[in-house]
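Below is one structure, written out as structure tokens; comments come after it.
Chains here go by letter, A, B, C and D, matching the order in which they are written, and residues are numbered from 1 within each.
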């Protein structure tokens, strides 16, 4: 996995520093003919944008995207799709005093230890603003996935120690996640968590949380054993998000303290049409009596909903005074000002969806080369 | 990430089916001059081999490796290092009745859904035996890492619901992990877990567990933002292991319900020589007052111990009767015979170490290209 | 080699259609700290720009570049460097009548055969204008190479059947190549070739030619056997240019009809300091009595000047009437209007240099991982 | 392009030193279900093996291959296919005196300049014996290509200055190439060239030559612009062969001194069924009135025969005395003994075919992702 390029066939090259001229991405390997418009792109970016109230930063940017290439008359050309978004609200002065300080919980020092040099303004390349590139690229991936009937939906599962019901539990309401600013699938839990987050903000503190994601309509067979497994690629995608500290699939860490007789999902004959995609000749359709696996077996999608959860650490930018070290090696007191989220989860929701879309688009295209009945191959006589 | 090739500069190509002629790997991109011997390779493979008692399968194989290329007069040549291990104990007949059955918790059906065709004997390519290839490749990576003073140590943190003390807690003893068959860092916990595993084996069941890993001596600066982050690559490496269902770094999922003021690791002036590797000009050495981050900030190593934990599901091969579906789509009763681990953890320990070594070797080499003072570059006048 | 991404460590992602909003590229993997400015970028682009008289198209574009990321305070950050150039002179109407025609010698039909859909305006993505992206990326590569003392110089060796003297022959004057619009290293040859090209233009025809390139200051050891050989990567780079039909290194095709006793370059003791770069311990400096190899042996640079020649076919856009086929499969008469080069060579010169720079920058960085004395590796006691 | 891994989807990892334990390769990304047998593999290897008389070395090896993985019940599994061939005839002593000498025309010194260390026996990894790995991998590629009706045929076009007729010229007889040891498509030319080669052998000298290749049945649309063009990848493949010094496609270097009105291949309405593969909706079948392009336009196959020629330098191992330099930097006289080809061409023929097959197999699989009508994509309502 290259530093700034993600994927194998369907790839994304991401670029941009938080306070440089622009953020952007180049999507290569998208097939020709996929309907794609500036409107759909704007819609995806709007879901990520701060300024919507709740726990997010008040930094408001237009985030108006521009498509520079790869789309012609409303459809993709098969050529690279370049998208840029100008950085219009770059109040660099806010960051001048941070130039020679290493903020706790941030990548300031590690970035310098690696490159010897950094753009200190707003975190530069290590800023959360970089996720904008991922959401833009994810919009293209989603346009491709739409033609396969794949649906990706993420939500805030827990924030500030307040958890919403999980799928299958009473009260879980995915539509509610679109209504409250925390994107939690339960109105009451969202209200309690928002209240808790307000308290933290007032006290100069911040909170962590978890984001869960469910993908339906995914055909079985996606994933490239043994290293490019579906869950391996998703794990890389999720841990590539700045504040992510863990990921689990299906029963996850709970499975680790459980028993085989409990965890094994029992194969069952498929209900009619339960498997969307065509199977190879001689392979029966089937389903599973449970989904502890979270939709992936041996690194390959099994036709059940793909389910995973990502753990995000608390936002490190807190206004409470903290001790740190400066460029001269002296201890310094630091009180971070500026505009910062109190909890990253609601804004992480569209980013988790975008990264999931990127992984799935790539695997869908790669899967075409797995067996001859997906190709035009004809046996010699 | 390709299906069977791992890494960018230091790469491993893995091959082999469980009951085919041989397993093996080809390591490309290892620098010339690294001391490497058949003896060290044998030592690594022995740690993974079953037959050592405890919860492991009783299938005993010699696992005698052969180095086919890339090593000359005791040192690596800079050319591909091919290693093979013959599959000598292939009791294929054990698996004949499984040919048309899809075992619960195994990749039998997903593999067929993808490829339309599989080697059913012992799981074929999806067998845990494939991890032998990783351990062999990891032995080369460890020989390279030795020259940097990097030390990788994994252990069974929990099994069958019994947890050992974590590092920093009273009783944690990493040396003990080398003494008991469960590889747990606490004799009492190991004894209790082994007793519990025996009960599960007797009742035809199995258990999950967690494996933790700690890396010391790692220089700061490793990791390739934004997609090739240290934790992202490790997450992919860990989730590429068959039974892995989750991974967390540092405080992990605990961080998700915590606060910024608690989680932020405070930078402190470096103790003398605390940072092993040379830092770029103008960048001060520093340390951290705590290690909730688990040694990685912004996807780059920060000089603290790298710490993470992997969740493994219970071994799916249980002798208790289970219902499943056969190739004709009929429901069938299945009682798995043959030789199987009850808990994957102790044998996963050297595999987790090997995959960690592979990620780190690759990132160490890639990191050389990050800045000019690591190169022979000379500014023009 | 991906479709639109070139390189392994030092990579370029190219994007843009000739008449879309912009052309551009993203350079990933450039080390931090390389001095780079908009001025140097402009200078490189100016060398490629049409409008300079001679055989080039009269389409004049400002080709004003913008650096969107990756450069801060005059130096590279180690992050992706995105560069765009707006397409300001997009007279799409010129191409409307070509929408349903397949021009002879152009990629119109093959592009449709592959993608089912194309941007027909000015050749879209298959336009020679895409080489602008390569020159922009090459400018970054050259800034890196400058710190190694590597010098890359290309020129038009032959055009319209008129050949200039080759290096070593009387009259060869590389400085002259910077003075005449054909970029030929001999004023008289250039004058004769220009006269011939004018005749061809007048008669509605066009000409092919060759471009030669010489690289000095290259350290020995570059190239990644067995597939990523120096000459293999350069060959791919050169044949990725639209009109290129062949490439040869050193004696090239002449070597094929020669004898070993003639072709073998005899190693000789190195003149003092003749080898720029430090050699591994125990390896003597040496030179060669001749350079039939063109500076590359076994796919690895040997310290002699790297020398190769690229063959370019005649520009296919000729104003003479030609028969072709339209979208309905009918035969049609075509007379191409618009602004076109008569011979691609002079404008290919900076592109050949740019592609060479990209190959060399990548190989220089990759070569750091070849042996331990280039790394911080310390043998264990 | 990695050093020892070739391809993007259909990849080959090559390994082995000439006098080490074994040569081999691992093919990843071959779809499941392709018929493949040890017999077909043996057949391909036999064509490359020395000992057949004519200009080849008299070193006779069994070159008996073994398939270690990836093939089950006569068909590929979709998993990595590992093939090894033991090095049985390793007369290392022949090379002992060369340990500290740098042979003219060989990679001895460049290899040391890069790696600081080499296996000097028989050239080690830089030996022509490495091409065995390519032929083995090519056998798998050819088995895949067979299902598409693609036919690859190479021959010696010229050797020792004697040229055979080219396709279209009187006397060109491709079947003759299978009959004479030089693999020339004309019996008389072969006889004259063989006589010339005998003279050179007797005088302790060697000769160069050219190998041409023609591919028929190739569907249009193969090639990944702008960097992964069909001709760019083939050029890299050909120049990755040890003795190759140049490559040209179609009219090649002749085109460089020609005119557009001569070189442009005129599109013509397709003869019935002239285009093998299905074209996208709305794209007409067509042919070309000539094939100066050599079957590739804009880097994409155009349905015409793919035609190219590779220039090989004379074999550098000549028994005539030569001056060179030794490890101490002293001038030494060298007379190479041992078994060596006088002209590499006849043995290069199957290698050129194999590399061509590898490029085409990869591009065929990659091409599936170019447009939606090759995928299962369904537009949303």
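Everything below uses one rule, namely that a contact is a pair of C-beta atoms (placed from the backbone, for glycine too) under 8 Å apart; a residue touches a chain by one contact, two chains touch by 3 or more.
These numbers were taken from a predicted model, which means no experiment stands behind them.
Trainee: More C-beta pairs touching across which pair, B-C or B-D?
Mentor: B-D
Trainee: Rounded to a multiple of 5, how large is the rotation, in degrees, that superposes the C-alpha trace of subunit C on subunit D?
Mentor: That rotation is 180 degrees, given to the nearest 5.
Trainee: With centres defined by CA atoms only, which chain is the most remote from subunit D?
Mentor: So the chain farthest away from subunit D turns out to be A.
Trainee: Approximately how many whole Å separate the CA-defined centres of subunit A and subunit B?
Mentor: The answer is 25 Å.
Trainee: Provide the C-alpha centroid distance between subunit B and subunit C, rounded to the nearest whole angstrom.
Mentor: 44
Trainee: Suppose each chain is reduced to the average of its Cα coordinates; what separation in Å results between subunit B and subunit D?
Mentor: Using C-alpha averages as centres, the distance is 38 Å.
Trainee: Which positions in subunit A touch two or more other chains at once?
Mentor: Answer for subunit A, listing residues that touch two or more other chains: 2-5, 8, 14, 29, 32-33, 78, 114-117, 125, 225, 370-373.
Trainee: How about subunit A: which of its residues touch subunit D in the complex?
Mentor: The contact residues of subunit A facing subunit D are 8-10, 29, 31-35, 78, 144, 146-149, 225, 277-278, 364-366, 368-380.
Trainee: Mind listing the subunit B positions that touch subunit A in their complex?
Mentor: Answer in residue numbers: 1-6, 8, 14, 102, 104-107, 109-117, 125-126, 130, 158, 160-161, 200, 204-210, 220-229, 231-240, 242, 244-253, 255-270, 279-286, 292-294, 297-303, 311-318, 320, 322-325, 327-331, 367, 370-373.
Trainee: Inside the complex, what are the residues of subunit D that reach subunit B?
Mentor: It is residues 2-5, 11, 13-17, 20-24, 26, 28-29, 32-33, 66-70, 72, 75, 77-82, 84, 114-119, 124-125 of subunit D that touch subunit B.
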